[in-house]
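Think of it as A, B, C and D in the order they're written, each chain with its own count starting at 1.
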Amino acid sequence: MLDLKQDEAAATDASALAARYQAVRDHTEWLAEPLQDEDQCLQSMVDASPVKWHRAHTTWFFERFVLTDGVAGRDPVDPQREYLFNSYYDAVGPRHARGQRGLISRPTVSEVGAWRSSIDAEMARLLAAGGIAPHCVDRIELGLQHEQQHQELLLSDLQHAFAAHPFPPTYRGGERWLGPALRQHAPQWLAFDGGLQSFGHAGVGFAFDNESPRHHRWLEPFELSSELVTEGEWLAFVEDGGYRQPRWWCADGYALVQAQDWQAPLYWRRDAAQWSVSSLGGLRSLQAERPVSHVSWYEADAYARWAGARLPEEHEWEHAVERDDRCNQTLDALWQWTGSAYRPYPGFAAASGALGEYNGKFMCNQFVLRGGAWATPAGHARLSYRNFYYPQQRWMFSGVRLARSL
Amino acid sequence: MLDLKQDEAAATDASALAARYQAVRDHTEWLAEPLQDEDQCLQSMVDASPVKWHRAHTTWFFERFVLTDGVAGRDPVDPQREYLFNSYYDAVGPRHARGQRGLISRPTVSEVGAWRSSIDAEMARLLAAGGIAPHCVDRIELGLQHEQQHQELLLSDLQHAFAAHPFPPTYRGGERWLGPALRQHAPQWLAFDGGLQSFGHAGVGFAFDNESPRHHRWLEPFELSSELVTEGEWLAFVEDGGYRQPRWWCADGYALVQAQDWQAPLYWRRDAAQWSVSSLGGLRSLQAERPVSHVSWYEADAYARWAGARLPEEHEWEHAVERDDRCNQTLDALWQWTGSAYRPYPGFAAASGALGEYNGKFMCNQFVLRGGAWATPAGHARLSYRNFYYPQQRWMFSGVRLARSL
Amino acid sequence: MLDLKQDEAAATDASALAARYQAVRDHTEWLAEPLQDEDQCLQSMVDASPVKWHRAHTTWFFERFVLTDGVAGRDPVDPQREYLFNSYYDAVGPRHARGQRGLISRPTVSEVGAWRSSIDAEMARLLAAGGIAPHCVDRIELGLQHEQQHQELLLSDLQHAFAAHPFPPTYRGGERWLGPALRQHAPQWLAFDGGLQSFGHAGVGFAFDNESPRHHRWLEPFELSSELVTEGEWLAFVEDGGYRQPRWWCADGYALVQAQDWQAPLYWRRDAAQWSVSSLGGLRSLQAERPVSHVSWYEADAYARWAGARLPEEHEWEHAVERDDRCNQTLDALWQWTGSAYRPYPGFAAASGALGEYNGKFMCNQFVLRGGAWATPAGHARLSYRNFYYPQQRWMFSGVRLARSL
Amino acid sequence: MLDLKQDEAAATDASALAARYQAVRDHTEWLAEPLQDEDQCLQSMVDASPVKWHRAHTTWFFERFVLTDGVAGRDPVDPQREYLFNSYYDAVGPRHARGQRGLISRPTVSEVGAWRSSIDAEMARLLAAGGIAPHCVDRIELGLQHEQQHQELLLSDLQHAFAAHPFPPTYRGGERWLGPALRQHAPQWLAFDGGLQSFGHAGVGFAFDNESPRHHRWLEPFELSSELVTEGEWLAFVEDGGYRQPRWWCADGYALVQAQDWQAPLYWRRDAAQWSVSSLGGLRSLQAERPVSHVSWYEADAYARWAGARLPEEHEWEHAVERDDRCNQTLDALWQWTGSAYRPYPGFAAASGALGEYNGKFMCNQFVLRGGAWATPAGHARLSYRNFYYPQQRWMFSGVRLARSL
């Protein structure tokens, strides 16, 4: 997990909130620091956004949902910025096509920087003035959590863009940018009895709407691995012909493997006789004890079947990780694919208004990932967190922890 | 439900099985009877198959999985037929591309008919000889259930192909071919307490592997509608601009609605001021009390949200329909979309060998439908049955029953 | 050239015209004779049409442009038939999508046959009545030439459809269906001085509008090969890596070769160590002296460059073939690609009305082929004939004759 | 025509060549001057390249084909630069995918600028040293002509990229950036007798290989318009429904018009009741006397047919413009579409080696444009110049001059 200067506790009073605000905002800038302006404009696929866009969109979020909505008499967001930097909120209005974000040369990188500063100054005045309504505090907290999500996206999108360069630049040097920390322990199967249990956000501290309501679920007995699957283990799957045997794969997954000629995880490269892995820290050798990352759900599911296991259900994951501290690398290594389709919890209802679109409208066709990644900002992840991606996606910091039924 | 000459009870002894075998096989032929040879060769999209292909594929299933696997010394299936009429069994070997089934002019329709007769004669001899191993009886029963599935597919595929003709032929005349029976009762909300309940196939009679294992599930209190949504109710959604307002739709669904300019269910046609509906029985007026059919999951989900409700979970549906006989049109009108992603039940494991591919490899990216349709062969549907389709598909006999949380 | 019972001379009086009409129409039926109804409905790609469609469209052409236009009080064409069997005449009205012709199961094959007979009877009455206006005679002649074009298309489309079957049927047995006749002479370079020459249809007998006006053109000195390129010669190009070396290809051609992984002409198949060729007469060995067929312009152009030559300009071809009877296999073996883009001759103007669309609107993006093929009906080809196809197409009866500048 | 500081006469001695070299190179930099670094990286479609890429590629051209090929002992081009900035020379080696040029964030804009300076310094030393071989002088001249082509491409590509921005930036202010100069004269039909004439580069001064060999051609009598078609004239075509009537269009063109819903030239915008035109100088009103630009061949051909005329053949254009000085706006307004497919002149042979790919491999599927545009560098255009584009392309500076046969 990144060593951020961010306060992990909830900021309940204005000065703490102001400090936390500045720390989160500064961290985004720190992430952009090593980049050339040209790097910040790259969009290498429709699912990814330029670094500049992330910096602008998160700023728009505060301007739109905190300042404009919450400060009497404040001017609305400039319509051009609203059009360019609204991500997907239909209730806000029409917006720039997602796949065309790389074509927004203006505002420039430095103009976006200046905009960030001016909004930060305005936010600082608001926070210094005191007497902020609880509703507004919630919006600020949501904006900070939102910005932290984009901090991680910024890194995954940048990694993808750099990997599309025939001679990929290195983002930053040092062990921490090579991927999740090496596995320290031999994997164990940890057994759980299941039964009727409670799940979801328990009500203390921030959580997204999709982690609620708290609800019951019956679990059958199961086992969960104490460790993440590693590159060394995955290599055995590759070398066993795993990517060429339909029996390990669901039908949609194998069709994709063939259509796109997948032979290994996204950032693996084979040169002559050996594999290397491209990372934000540059190209490195495949490392037997490094947890394997950048795998799709299709691959995770196929690997699990090959390994005589399966992916955990999201409720199993939450139950086990909460109860057994022998589970390693849970929140700080890689997001872990589950076998659970991303659907609303029983009784879930999206909020009204634009922010009701935050999570609710994405609750189909995706799978849940649990945990958190080395690239996740410190303090952002928690046990009830529900991340979600499409089964074919693999440019994010995804990994695999196995389960099996008893 | 079609008035078939099929014995609904399980055929446990050889002569009953022989009679049931012939009844099911004859029904397929009866379905093809009104068609010209040219009609039987139509493939109007990759998801649909020609009638001739259905007749051949179901025959191959018996030849391959009963006769070849089960009769000592029997010749294997002719390799050309195996290549042409294997649907998706990777373990059997390579096969003809699914989207090219319309290009198989040979064997001709009458050659396929002759093949069907010869396999039926061979099956009759096998069944008359007696002493069939239980394993083989199971294979025959699976073959019959499989053929019944294709009887329904044959109709949905044919309807799609005829609808692609600029001047669509009528398949058969008469009220029964116009769609599901008219709704007879005003809808009521039926309330259920939920709690810890048991689900899945209880072990009596035939069931597909995906209905097992029997397992527990906790349900929160909910209500289920006693009736299906009708064309008249759906029209109100259309007229309220339902297909043009993103707030009712999940994001993927609305993107599809825009990309394909969906404005109503698949077979609705607007002429000047009024709507009509194309059916196997010809073009008819929209009917206020006819349950709406041929809607995708995206549409069903959006309609439910617009109506202030939601789709039932598959466990809710099973629980409610099993317990409350005020639920109408459950198994004999339309398959009913649920909010449940199609995933394995806890403890599910696919069988080994080719038949393990029957259901298991499709358990991602689809949603479960429960019940049965007017086009489903009599005796084929049951409460634990799990049908499944992709959320964008709508050429099958799908409908909507609403639920809501209490 | 097919040994047809067609009168090659222009039929100028009514009884000769009636006989010629019936001979041409009968030949179409003879071509369809060996086919199953199912074969007649195949459409294997958007450029090809079903045999049934060819039989119907040519019938529509007479009904629409001779009977309806020319016979007082005659009923118009049934609107459904007009919609289904109009090929591309915008002035006639809207029409069925070209790529969906395989989905027209109705009218059936036998209904189309009956329609053909009834139109033939009506035409026979018209021709027997005498006193046909010259304008109407011209329309009938155009209809016959049009039907002859479709006789050849019918064969090329059928060959493509059968080749798409994993176990291709044989259309007819016998040497004549294996392709163009074997080359009988060693190739010679025939030299021509060029100079200012006249080209185009000289005004005697039938010609299409695109062969006029007669016009002058200056030719530089050149040589033309007396023979067509053979399969044996083409094999040397393949074995020299011709399909893998960009230097022989124009840029668009090489991009296509790579995208579609072309390695040889369309109907060549490599099994283990040797090549065979699929034909209407079945699969046969590659034959060194058989003129190579089913090559695209891109391939013809690349082959010519590899061979140190070039394709002839259409004016060169016409000039040389007209003057030197040492040119072999000119009209009866294969259409011969030229280096000339298909553009109007100086002073060309399309006729007004629907028939003005016959050729004029296709005069861009295609290349001219000259000569005629073994599958061209007897008497249909002539020296001024301009056939045309897109440079990527190769399912027609195309071949190569080389030229070079002096 | 841009008022460049470029010497239009051929530079035959070293110091003149050095001066000309620097003037051309400086002009590229002047074109990039108003742009932000972010603007220079935009690639809005596969046919267009980023400004930075143009600056780099033209530099690579000198380094590769002058310095590396021509200076003994000189190091080869850095392999990464060669891979990134080789445009399409197969003989040089593999290269970066054309559609991915917008993803090359490194080298940065300023690094490319530094590379340009260093190559310029090296070139200056070479030119100052004297004694350059004639072969090498030719290469330098080709490099300069090449760079001038890219200066124009740079502007058309930039215009396209800016137009893709929802709030397009203005490149430079001032009348000269609004498009071609206003038409000053009423159009006249100028008549020409034709006959046997000579065409192609006459051998004095620089010309590309595709302008040779000098050759004869017979022309029929024709008329050419003295003027270009204007926006006002084109508006009448639009308002007459020209884009909705297939009869004016070739078949491929009309299919494209429908598929892409073309309703006017590329940069026309309709707001409420009036049209405006986006340009490098910003959005302006449609101007009746401004020559219409950014039209495809399909549109030009359709317009000509609607206007009762046709496009001139390239030989007609060359003949007429050379002989009649009443032809206005020939080289300095817009490239003028001709009806001539881009094919080699009689006797043309591409040079051997990489530079033989310069023009030769593009001689199919494109049409010739003659003249020159307001954005063409001064001194670059000439009467024998053959520009060429695909018939669907329209982002370049293309316009229309009509002809008709007598």
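Methods note: a contact is a pair of C-beta atoms (placed from the backbone, for glycine too) under 8 Å apart; a residue touches a chain by one contact, two chains touch by 3 or more.
Only a predicted model underlies this, so the values are computations on that prediction, with no experimental measurement involved.
With every chain reduced to the mean of its CA atoms, the largest distance from subunit C is reached by A. Separating the centre of subunit A from that of subunit D, both taken as means of CA atoms, is a distance of 46 Å.
Taking the mean of the C-alpha atoms as each chain's centre, subunit A and subunit C sit 59 Å apart.
Subunit D has its Cα centroid 38 Å from the Cα centroid of subunit C. Shown for subunit B are the residues in touch with two or more other chains, of which there are none. With chains as nodes and touching pairs as edges, the resulting graph is a single ring in which every chain has exactly two contacts. Looking at the complex, you find that subunit C touches subunit D at residues 88, 90-91, 196, 215-218, 220, 246-247, 249-253, 297, 301, 313, 339-341, 343-344, 346-347, 361-365, 391, 405. For subunit B in complex with subunit C, the residues that touch the partner chain are 36-39, 41-42, 44, 80, 83-84, 96, 100, 102-106, 108-109, 161, 164-167, 169.
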